[in-house]
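These are the structures in question, set out in turn.
Consider the two complexes below, in which chain A is the common component and chain B and chain C are the respective partners.
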Partner chain A sequence: MGLEFRNVNHTYNPGTTVERHALKDISFTLEDGEYLGLIGHTGSGKSTLIQHMNGLLKADSGDILYDGQSIYDKSYSMNQHHFKVGMVFQYPEHQLFETTVLKDVCFGPGNMGLSEDEAVSRAKEALKLVELPEIYWDKSPFILSGGQKRRAAIAGVIAMDPKILIMDEPAAGLDPEGRDSILESISMIRKERGITVVLVSHNMDDVAKYATRVLVLNKGSIYMDGTPKEVFSRTKELYDVGLSAPGITVITERLKSLGIGEEDCMISMDDAADMIAKSLRKG
Partner chain B sequence: MRRNITIGQYYPENSILHRLDPRVKLLGLIVFLVCVFLMDSYWSYGAVTAAVVILVIISRVPLRYFVRSLKPVFFIIILTFILNIFFTSGEEILVKWGIISIYKEGVIMALKMSIRLIYLVLSSALLTLTTTPNDITDGMEKALRPLNKIHVPIHEMTMMMTIALRFIPIISEETDKIRKAQISRGADLETGNIIKRAKNMVPILVPLLVSSFRRAGDLALAMDARCYHGGEGRTKYKELRYGKKDGIAYLMILAFLAGIILMRNFL
Partner chain C sequence: MSLVEVKDLFYEYRERDENGEVDIVTTALEGVSVNVEKGDFIAIIGSNGSGKSTFAKHLNAILKPTGGTVIVRSLDTSLEENTLEIRKTAGMVFQNPDNQIIGSIIEEDVAFGLENLGVPTDEMKKRVKESLKTVGMWEYASGSPNRLSGGQKQRVAIAGIVAMKPEVMILDESTAMLDPRGRKEVLDAVEELNKEEGMTVILITHYMDEAARAHKIFVLHEGQVKMSGTPEEVFKRHKELKEYKLKVPVAAELAVRLREKGIPVREGITNDDELVQEISRIRSEHGTGI
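Showing the complex of A and B:
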């Protein structure tokens, strides 16, 4: 069933000098269990699109259906929808406000109307999932390091146990180790809970590594939609819209043009290593 | 939530009003406000109205922007109108209805006051629609510079104003982001009584305060790193310079003021 977009349009500041048609006739269905990588040049409308997914922005025209029901129906509870579709914004650490990390993570579950015990147990579980060491749970969120704050903030969304988890560049501004471990945690959570994940990222390597499907936006329209292999094999078209392919894809394409290996587009380090090893053995 | 729009809603155009020196426009606004309060005869109302109409036309800003600028004060204008119409007494009764009587003087007073209010708002809108906030503060700084001699820190004050203006859209954007993030976590911002609502604002206000301090710190550091040390000896990237049209505009402004004063005394 999933989340279906039907001809969704969105315009910012209509009727002014800064009018901006940010989404143009977007139609696609986010299927249950998918890991969707959403890529596109700066200003292509990624953030606008994901804010429609959890109902923060309302489409000017078109419809969005969750499990077959329009989220704009009067009978549909938008508040419940926020809990089903969890959203981690860019720099989520800027939203921390409570006196302790644990209390902050409890904010979402608390708003869901859960009992305090239940909220705390969910919060603790979420904090474990994002691997924030227990010694920090009773500390003020403001004394944590940047990466730890990020984890605490992500835990705040995961604690609501959303069916769809959307993240706008969750790894932006983190060191390589921090970004890998956050993305690994999320991948693990997806496997453990069977949730759908939407990852907005400018890092093609991350998208290639984790996504099961890639959606490319360009100037508010869907430019490509397919498996990572399908999308990243169209390197030329990606360059045309200001994007690139994962590093490993670029390397293997180059090798192929030199006559090494003949397989199709490579998006994983392991596959590429196999290919090179194979052709070395041959040659 | 708006973005890329600073306070005052500058409308980019290339009209003669846009190109005038901000100092001219500032003086023009002050003179105009004085005139609005000086006008009493029908002649002076006519002259001021003609001035507003002409200025609006040559500004080349679409009319709906002026209408929009009136919206926030619409209620005040209506209230002024009603108060004046019911509570001004006079000689000639137009309508009598129970204890309520409306006098001709009341109607005239109500019209006069509303027109004044509308002109006040329109003239400020004329300035802010045709002048960027930066130009306004620049103009103020330069016009008020003589006050430096008596140790009024004009540069520092206008710098603070520039920074404040610059930060309004940033902070409003930030508020929007934080609000959305907390709504995503199920924050309830709309229901409940005043106390509950105030409490519900905490998840927004705390992060906002934290980020404002962070931004202020960053900005101070960035200014320090570029050796900012106040107004003394600081040169401008865009130096304000009067042109011929500015001189002509000054003359016209003074002539207008003189005309209104003459009308008040001799008509």
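Showing the complex of A and C:
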């Protein structure tokens, strides 16, 4: 089932001089439980695509189906859809506003019409999932560090219990440790809740490490769709559209051209180290 | 005398309560000393909250020290009368490309700073052309900045700085929002300015592979310089870097993993070229004898 795109098109400012065809005939199905890495150059249509996923933007033509039903059907509740498909925008911490962290995280579930007790219990659970220590829950969100604020903002979306969690560059601007730790948390939440995750990122290393499937956009069209190994083995084509391959892939490709290591497209550090060591021992 | 001399720099952020009394004092920099020579390419790395941006803001007098001194080309940044001269000397490129472009035509945007400095028209035209050529954006000169990619916008922002002929350029996480090609474009342009024009560069970044391209790296942690040295010297100490919430570049990490597996990869690998060379050397020297 999942979320199915059928020939979706979207044009900004149609009929004006600044008209831009941002999505061109997009068809694919986001399957339940997937971890989709969405990559593409600036302006390739990534943001437009994810905003169609949760219904913030409406397709000009084509259809989007959630569990087999068109989200544009009159009988389909778009209001509920916004809760089913949770969206964490870039730099979400800029949207924190409440006087305490807990109140901020309660805001979303409160909007869903849940009782205050239920909202609080969901918020607490979400804060535990994003691993924000309890000592901060009653503090102002504005005294938190950058990484902690980001966690609080993500908890606000998790608390609405989405089936699909979309994140636009959740690790942008964080230091290497903060980056790893937030992405590890997201991976853990996906497993624990069995949800679908969509990660929009310019960081090929992160996408290779976490995604189960990679979708590449170029100028509003789907350019590639496959497993990380399938996609990142096409290094040259990725460069052509302004992207790159993970650092480890680039190194192992160069070694392979020198006859060291036979396997195609390495995307994990451990596997690459094993392969190179084995190849050197063999001589 | 060094181009930039930072000596025992302290900076405290003071928050005041509703009565105007100092409420909370946060020390962002604690005795930082850094010298930058003309023509240097310096990288500053450190975790979120380590004081990197606070440090950068001292170099062109956006912030003034609460202790210690910052001297840029013999000018003390704490003196108000020096501010304009310091800003001409030290140009800053920020993180978000969309916040730095103001002109509706690219060449006008690049000329903006020059107009403010009162540069004559002929000289201005010459400098705009030269600086846009330096960053590879001259062919777009008469176009609108709106349609540019992030990397192109950042290069236009850099051209605007270059046109003012500063002696030092500071990049404060200027590639953080860019796609892979954009990052490469900006880094290549910066490296070329340093090599070809002798521009002094101070690069603040979370990307270790970018820092590896500098001549010298300073590691900030909790407002103090914890390490400094060539990329080789700094990335050798990978365990210590981890304590500061940092990492080493992918090539350096792979080198460590291979050493752990008993492959005699030398220490101090910082980039892909060095690692590929080293592995080729091992293969030709050892054959099957490892």
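One rule holds in what follows: the second predicted complex is superposed on the first by the 283 of 283 C-alpha atoms of A that agree within 3 Å, B and C clash if a C-alpha of one lies under 4 Å from a C-alpha of the other, contacts with A are read in each partner's own complex, and residues count from 1 in each chain.
Basically, a residue touches a chain if its C-beta (ideal position, glycine included) is under 8 Å from a C-beta of that chain, and two chains touch if they have at least 3 such contacts.
These figures come from a predicted structure and were not determined experimentally.
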Which of chain B and chain C A:Gln95 touches, first, second, both or neither: first
Which of chain B and chain C A:Leu280 touches, first, second, both or neither: second
First (chain B), second (chain C), both or neither touched by A:Glu192: neither
Chain B versus chain C as contact partner of A:Gly242, first or second or both or neither: second
Partner chain in contact with A:Thr42 - chain B first, chain C second, else both or neither: second
Which superposed partner A:Phe83 touches (first chain B, second chain C, both, neither): first
First, second, both or neither for A:Thr17, with chain B first and chain C second: first
If touched residues of chain A are counted for chain B and for chain C, the larger one: C
Residues of chain A contacting chain B in one complex and chain C in the other: none
Footprint of chain A on chain B - complex, ascending: 2-5, 11-12, 174, 177-178, 180-188, 202-204, 206-207, 210-211
Partner chain C, residues of chain A touching it in the complex: 40-43, 145-147, 172-179, 202, 204-205, 239, 242-244, 246-248, 250-251, 254-255, 258, 260, 269-270, 272-274, 276-277, 280-283
Of all residues in chain A, those that touch chain B in their complex: 12-13, 16-18, 51, 54, 56, 79, 82-83, 86-87, 89, 92, 94-97, 107-108, 111-112, 142, 156-157, 160
Footprint of chain A on chain C - complex, ascending: 46-50, 95, 149-151, 173, 176-184, 206, 208-209, 242, 245-247, 249-251, 253-254, 257-258, 261-263, 272, 275-276, 279-280, 282-283, 286-290
